[in-house]
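One chain, chain A, links the two complexes that follow: it is found with chain B in the first and with chain C in the second.
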Partner chain A sequence: MRLRKATRIRLVLIAGMVLALEAACRTGLIRPFTMIPPSEMFVSLLRLFQSPEVLSDIGQTLRAVALSLSGALVVGFLIGALLYAFPRARRIADPLLGTYYSVPVFVFYPLLIVLFGLNSIPKTVIGFLYAFVAMIINTLNGLDRVPPVFWKTAKVQQLGRLATAVHLVLPCAGPYLFTGAKLAVMYSFIGVIGSEFILSSGGLGYRISFSYNNFQSDVMYGLILFVLLVVICINMGLYAWERSLMERRGGR
Partner chain B sequence: MKASAARDPSGLERAVDVAALIFLLLVAWQLMHQVAGDVAMTTPLQTLRYTAELLASADFWPHFVTTGRAFLGALLIATVGGSIAGMLLGFHRLAGEVAEPMLVALYSIPKVVLYPIILLIFGLGLTSEIAFGALHGIVPVMMFTMNAVRNIKPVLVKTARVLGLSASTLMRTVLLPAAFPEIFTGLRIGFSVTLLGTVMSEMFGSKRGLGFLLMNALGVNNVELIMSLALLLIAFAAVANSVLMAIERRISRVR
Partner chain C sequence: MLTKPVSPEDLVAVHAVTKIFPSSRGMSDVHALGPLDLTMRAGEFFAVVGPSGCGKSTLLEIIAGLTRPTNGEVFFNGAAVGDFVPEGIGVIFQEDASFPWLSVRENIAFGLKRKQVDADTTRRRVDDALKLTGLQAFADAYPAQLSGGMRQRVCIARTLVLQPRLILLDEPFGALDQQTRLLMGDEVLRLWRETGATILLITHALDEAAMLSDRVGVMSARPGRFLEIVTTHWPRDRDSKIVTRQEFGDITGHLWALLRDQSIKSIAVSA
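Let's turn to the complex of A and B:
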């Protein structure tokens, strides 16, 4: 019952923080120029859906995320499987995989704009670059967890490649592939929205930086709230799903 | 990530692998240049030459110092604040359970959307850059420290109590050494993420610093400068990370 208690406290804590923020904004402790009360953020969020501009921005961002994510999942899995099949290549790639996420990927963004122009390609590529290595690492992680005896059994039973993949490899590696996919979702959102925010011609990140530059506090806070809610909900859903997958497999 | 091979490759083997990797990356870069052409990117050799010129020019260093200052400030807050908060959350189990999902959520959101709020609070300038960098770095440091403290074996604490160690001796001789390797991993990741946050904050609405220089180079279409700055930042991040990883390997082996 300990967990229940922690959840309860957390909800009370979050509610308390929102109320404190509301009070601080209403009493003028926080100037309206700096932050609008949470209740107004929420109202502004609802109003956003009536604006065709914002709807098109949402569509643009989601399209870019979907594209970079699906690319990252496919390419990341394929490279992961190839590196697993060729240990020599894997040893060479290992330092790259280990250092990859220490590099600020956004430094490639200006270069990509020079290459592709100021359209939706550079931000999609950044989302992809951010996400696909997480998929490689977790594909390798998952394939490493397939016990060697399984490969041997498959050979003895004369299973075809496809049957081996479906009946032996996927059940073993599945949860790890899922972890990779979960990270890829998170990273492609960060990559796409971050790029849009820095410099772009459309999308949610662009709309936030645009409303910041034009002192449209209410629009800006509505959009920020929207992005946070969407990303947190997606992540929480994936997190819960991941937990149930891990548990079904007999815990970590 | 974990070393893949069952046996640990020797130092020489590792050096050969890294050399092969760098060679392959350079070949890939050269090939990309063949496809993209001079307008879009420079070759490795051209980039190195321009980087040397850049490092010799006086205009570069004020930007370097600005970024360095913002990064160090952010890093200080992220590492000190993060490890203290992480330890408290680690020792107080309930507080840790309350905070953990919130930290995970904070880690997974695109923090860039919070940057306007930071700008409105602190104004455009160094303070905002430090705050944004620290916001990036503090979360992983907290999470790793919290887990490190939680993973300390209870038998260690019990033994210390039986031996009658005082609280400060317990901390210094038992708890810190036991948790340190994992805390260090958090510090390493915090280092990278703080750098990312600092550079990103400079890329948006800043007047100085390497991030600004990068966006400015894009504005005036100076491909050489873009490539050189990207190379410098990537090389710095990669080398720093490799050094920290080597230290990490050493301290976890000692344990």
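Let's turn to the complex of A and C:
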């Protein structure tokens, strides 16, 4: 497979930065107490995969992300579709949606612990709260961009409401729904891992925080590397999928 | 189903149709159309011309069943047109209505698949439509890879595979340049002859109406009514070469003579 020029340059830049960081750590420019070399982070990550506790933390985090993400996708899409169907409700909701991300959702974490207890529910709810509005906004964007002529074409083709939604509206709004889903993935990770840092008793965020407090730099950096790799891989996969879809559609 | 006796030759009958759009926020009602009568014979090519905003497209949408008239009735094939587009009517719009996520072949087969037509019939009809519209070489291409004229042909093919008896064209060549419009006109005439369908063309281009149609309905400024229905007397086997004939100039000139004052009125109202 031939890589594009931009991809090659990007890879060279990343590799260069990693090598520079490695050199800086190895030569003592960056103290071992501050950061360990990337190669040691990688070795540490491999070692961490043999630890049942870490594997359990990874499982907890991924489960919470999967739950919050699924909820955000379904609920966000449904609310978006309802707001589109009821313009008056949308006029009321629009300012709230527009300013939603100025509210630091984490401030509700103590309240959620009071409501649900010190378990995985509060962090799942935070992940959901972070992600579902991105899905609402992008669902509305997508539905707004279905050209009026497509609605008329659906009537001419004698499609019912469900058939219009499945065969016409969803594929047409697809790229925007995809963007919503992409953002929801990221927000879910931020919400869940961020919550684990604060008060949770398990999960990747908790484990990173615990290692930091106990001066276990190798564990901390190994896990940070793991989070980075997972998020980058998911994002790159979604980006490549989106690009192949959009190329076929000529950007429409 | 409600029926009204109409001549057996009449595929479409429009009786005393009016359309008034209700007021919004303190504005007065907009009387867009009519009262207006029209009959179209089976196999006829009928064009409607008129000034901007005279209700041409509204008339098309009422005939198609996309919009309800405020008063009056429309009959297609002897049956009243209600809230749904009747079986046997195909509509081609000015805007690009090709689906960008489907290939040309999938676009054309769209309606057949929704109607659960069997795979062999679908393939045969799609192949015929591809041939008829000259898109065989682009069957697996996506609309984004085609020109505007070719995308419009995809929409025409998507309509033709459903074998409509009445094809409604709402300014289908409005976005195309003059030469392409003439050539597309030739293609539409060929399709009209080969399919035997009845065509209603809405256009603002007088030359297009004069070249393509058996009859041209000239509408007044809003509220749109027919000022005159002009018969062209062209032979069925015609093409764009008729634009060089003296009669073509006479017909186009007559259409403009009818429309000039109405167009001035329309511009004055919109100003």
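We take it that the second predicted complex is superposed on the first by the 243 of 252 C-alpha atoms of A that agree within 3 Å, B and C clash if a C-alpha of one lies under 4 Å from a C-alpha of the other, contacts with A are read in each partner's own complex, and residues count from 1 in each chain.
To be clear about the criterion, contacts are C-beta pairs under 8 Å (C-beta built on N, C-alpha and C of every residue); 3 or more make two chains touch, one makes a residue touch a chain.
These numbers were taken from a predicted model, which means no experiment stands behind them.
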Partner chain in contact with A:165 - chain B first, chain C second, else both or neither: neither
Which of chain B and chain C A:248 touches, first, second, both or neither: second
Contacts of A:111 with chain B and chain C, given as first, second, both or neither: first
Contacts of A:156 with chain B and chain C, given as first, second, both or neither: second
Touching partner for A:174 - first (chain B), second (chain C), both, neither: second
Which superposed partner A:236 touches (first chain B, second chain C, both, neither): first
Superposed model, chain A: greater residue contact from chain B or chain C: B
Which of chain B and chain C A:147 touches, first, second, both or neither: second
In the complex, chain A residues that touch chain C: 147-150, 152-153, 155-159, 163, 167-168, 171-172, 174, 245, 248-252
Sites on chain C touched by chain A in the complex: 61, 64-66, 84-85, 87, 89-91, 93, 95-97, 99-102, 110-111, 114-115, 142-145
Touch list for chain B against partner chain A, complex: 1, 3-5, 9, 14, 17-18, 20-21, 24-25, 36, 39-41, 94, 97-98, 101-102, 104-105, 108-117, 119-121, 188-189, 191-192, 195-196, 199-200, 203-204, 214-215, 217-218, 221, 223, 226-227, 229-230, 233-234, 237-238, 240-242, 245
Chain A to chain B touching residues, read off their complex: 2-3, 5-6, 9-10, 13-14, 33-35, 87, 90-99, 101-111, 113-115, 137, 140-141, 144, 186, 189-190, 193-194, 197-199, 204-205, 208-209, 212, 220, 223-224, 227-228, 231-232, 235-236, 239
